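Report on the following structure.
When the chains are written out, they are named A, B and C in that same order, and each has its own residue count from 1.
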Amino acid sequence: MRFTAIIDGTIGSAVEQARALAGFLEEGLHAGAPGGPPGRPWSGLECETLAFYADDREREQLIALAPTIAVRLVRAPERRPDLLAATLAATAGEDGPDLFLFTSGQAGTEVAARLARRAGGSVLTGALDISLEPDRLLGRRQVYSNHMVGRFALTARPWCVAVDPGWAEARAPACEEHRVLSESDAIADASEPPFADLKLTDPPSAGDLAEARVVVVAGAGAGDRDGVARIAAAAERMGAAFGVTRPVAMNAWAPMERLIGVSGARVAPALAIVAGASGAPAFLWGIERAGVIVAVNSDEHAAIVGEADAVAVGDGVAVVEALAGLVAPPPDHG
Amino acid sequence: MPLSREAIVESLRGIVGTDAVVTDERILIESSVDNFRKLQNIFDVHTMPLPAAVVLPVDTGQVAAILRLADEHGVNVIPRTGGTATEGGLESAVPDSVIIDGSAMNRILDVDPYNMQATAQCGVPLQALEDRAREHGLTTGHSPQSKPVAHLGGLVATRSIGQFSTLYGGIEDMVVGLEAVFPGGEVARIKNVPRRAAGPDIRHVVIGNEGALCFITEVTVKLFPYFPENNVFLGWTLKSMKTGFEVLREVMVNGYKPSVARVYDPGDAGLHFSHFAAPDDCVLLFMAEGTAGIAKATADGIQAIVDRHPECTQVDSAYIETWFNDLCWGPDKIVAEDERIRQTRNVNRTTEVAADWSSINDIYEAARDRIVTEIPDITMMGGHSSHSYINGTNMYFNYFFNVVGVGPEEETEKYYLPIITIICEEVLKRGGSIVHHHGMGKARAPWVRDEYGSSYFILEGLKKQFDPNGVMNVGTIFPLGG
Amino acid sequence: MRILVCFKVTPDYEALRDADWVAGPGDTVRSRYVRRVLNCFDESALELALRLREALTEREVAAGLGALSVGGRETEPFFATLHALGYERAARIEPEAALDYAPAATAALLAAYAQRFDRSDLLLLGSRCGPGDSGTVPALVAEELGWPCVTQVTEIEPTGGGLRVTCAADDGGLSLTVRPPCVLAVGNALVSHLRVPTLTDRLARRDLRADLLAPGDVGVDLAVALAGAPVTLEGLERIDRTRAGVVVEGDTPAEMARALFATHVEEAIARP
């Protein structure tokens, strides 16, 4: 059994991709049934990392990031999932990898799907974990907007699996040793590039959320833009990162990149303080890895009550503001 | 000489302390309106005079002192609790009003499972009282759509009604006694008795007064045993509202007491039932509850009645049960709906009226047809009947329109008030009532004399008697400028 | 420009009760009895297409709108709304089997219709859709068509000879110019609600119906597509998210905050 982990270094999320892949390899890849104990079954597999890069200056960093010892480097144009898929498809086949591992996201999902189509394989995105059997791959991922987890069986190889980005928080130890097996160019495309005038505008979405030890989340129960702003200010006083639920983001009470949940960021802080959110599964997916969840909600019957470690039944804005007076910001907080 | 804003605030602070007098501009703006100006609120456009303060008394004594102050100095006061009103009853019609927010008086004082009654302060959310009753296996029987948000004071003040009214009645059938404070500070306590014939029933001076006569501080309501496990759901599709009204009439006349008995016209049914009803279908539905025997007998009786109407096609009752389980509106749904309106400028409004069985279908058809013809930009015009009585039923008009070519502040003038006018005209023409359960507020106050006819002097007499200086919620029930 | 928007109608999962989320082999969720709604990302796509046409018309570029759905009769009321809003072309492909967990088969149908029937230039659809939520349909459609694809799109504007598209990339907000034919998959757009047609518009177009097609009509043998399905749903599991849910005491926000701090917050922050 062979697998290749893919890092798309032509976009600015290589660090997160590498971290998610490493975390998944450490804990998400099983020999037995999905959900069973991890046991580094892949250590017996032939494994390598294939890193795409557009800029020569990225090469060294990509090598260092690779979750496996063996690394291949492929120079590719920026943001061309179609060419990445074509390049990978050319490595598939009888002697090719059984499993390609990506990270789910705008880029990884598209490359995984295109590769599966081109190479006659099968695709699973958002993988929470997988297990390898002789004839098939079993994998789990959330379905129904995180109301349920689905178990899927993949037969046709190569198996193109995009892992859940939440694996980035698993903090697996980095692979210290690397060996570059080859350097090459991606398959080129003679026709005119499909995209022009690319411009990266906003900062990476929710960058501080991914790293934060404390996250404060405002839900629609904050009442209005003002309530959300007060919770955001309280978060800042605590030195915490600030996030919002989908209704708040869709109301434009806070920028979309603050969104936490299935369609936004997934965080894993030591503490999540959730104010005025009912606890819909699609939102909960974003915070369920938090060490401690503290919720404030005016409705003691809201789903969040059973999903939190501790709950205050009251006004989310007022309680979070009061908490901000008790929580000292970390010393390095400027 | 009227008191200045500053003097009003100072005097209030003297009564309730500094913290319980709110002068934050944002809160004042929010407290100057209710959902009548829903579109303005969503777009953050505010046209009502700014109140002087929101005051949060914690006991009856403080309420009495505030009302004494208001009466002496001619300060308009607006009683308020959960704030879910829809007819402008909570709007500050004149400058420098004082909003008396009863939500800090939020203690459940007594739940008495032996005498089957519970007493709560005005600021207790209905949901909280219901939850407490459920701990005893009991229910208040009151379940308006606003149950998660509305408080008892406001529910009694507006003659609220709930989704199970056909079995349990409106709030007026549930209130056994109460305490209210009148202008000048007089505290009236009406004792809790099963019935009495000691003159007119003075509870009805208070129930439905909409804050125009007094401030309700405490209410005692009935409790009922709760048997959700016996609930039976029934549903049919049919092609005409006329048949639907007829079935409702037969159910009522035969003495059945389903807790829910409704018929939806095709437009309204399209919003809730398009997954099983055709676009031109009406939907008829019932819920029977009570002890197992009562629930079954009720359901069987209704089934037999509907079976006599071949126009009705029965649907899987799971559709009705599923609809029922998702009926109430909590804060999440309100926020989502506001956002829908903000993006689409498509506004949903409702107007509820009542009439006897002979008139109700004519009112429904006449108002619907006129609105569709006379009002521009209508995207849905429909409604349902949801509260039936032996002599008639209500019609809950439900309509949507796109706000085109005007700002949010002109929405009521261009669309909402003209629609209300048509409905009121068609209802009054046929002897019905222009308000079934939302209250008159300020929106329908202009029709109060037409609504009451020769009995208006009785209503007006109440105002003269209890609020001689006109400080209670000016413009509500009794229109500004007479 | 011939714009085609693909949409899916699903049960309103938010209306399901706890007891409806049944685990078991296959898809065992009890969703039959709840009302139907547009997939939220498809709803954004449908409105963005209307706005795009308005913007193109302003630039005197002719644009036609078509809507396509793979689904059953429950989709019909949504087509009536789209006709009333000015979608001129409409088609519903009714598959013999549910395709909720068959993104490749869904993509084959969408692509075949776009290419062979509609001759579309621009295909808009939501980035993902329940219950399957795989998020792969846009890329698979693009692969079938040989078109470029932009996913997580939030804004679309016409520009000289192409479209200026903003999307949420993994590494930040990204804007780019793309020339049709292309696939645009809509993500968390701020435009999230479809406008509402007036009764007059509904009445004027009440006789319009979506073309009803079988997979064979667009040249797809669904039995073959599904028999070789390399991905199958084995079953569903419930997720246990229960935590202690301790309700802290306190009459005021300050008291509640102190209680939360003392019992949970302080320790959570101190933990290494």
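Throughout what follows, a contact is a pair of C-beta atoms (placed from the backbone, for glycine too) under 8 Å apart; a residue touches a chain by one contact, two chains touch by 3 or more.
Model, not experiment: these values are computed from the prediction.
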Dominant interface by pair count is A-C
Can you tell me which chain lies farthest from subunit B, using the average of the Cα atoms as each chain's centre? A
Distance between the CA centroids of subunit A and subunit C (whole Å) is 21
Distance in whole angstrom between the CA centres of subunit B and subunit C is 37
Report, in whole Å, the distance between the mean C-alpha point of subunit A and the mean C-alpha point of subunit B. 47
Among all residues of subunit B, those touching at least two other chains are 339
If I count partner chains per residue in subunit A, which residues reach a count of at least 2? 250, 300
Give me the residue numbers in subunit C that touch at least two other chains, ranges are fine. 192
Listed in rising order, subunit C residues that touch subunit A in their complex are 13-14, 16, 21, 23, 29, 101, 103-104, 130-136, 138-140, 142-144, 148-152, 154, 162, 166-179, 182, 187-188, 190, 192, 228, 230-239, 241-248, 250, 253-254, 256-261, 263-265, 267-269, 271
If you look only at subunit A, which of its residues touch subunit C in the complex? 11-13, 16-17, 79, 81-82, 85, 104-110, 112-114, 116-118, 121-126, 138, 140-156, 194-205, 213-214, 249-250, 252, 256-257, 259, 262-264, 270-271, 273, 280-281, 284, 288, 291-294, 296, 300, 305-315, 318-323, 325-327
For the complex, which residues does subunit A have touching subunit B? 220-221, 223, 226, 247, 250-251, 276, 278, 298-301
Note: in the complex, subunit B contacts subunit C through residues 270, 272-275, 279, 316, 318-319, 321-323, 325-326, 339-340, 343-344, 346, 372, 377-381, 400, 402
Quick check on the complex: what are the subunit B residues that touch subunit A? 26, 127, 131, 148, 330-332, 335-336, 338-339, 342
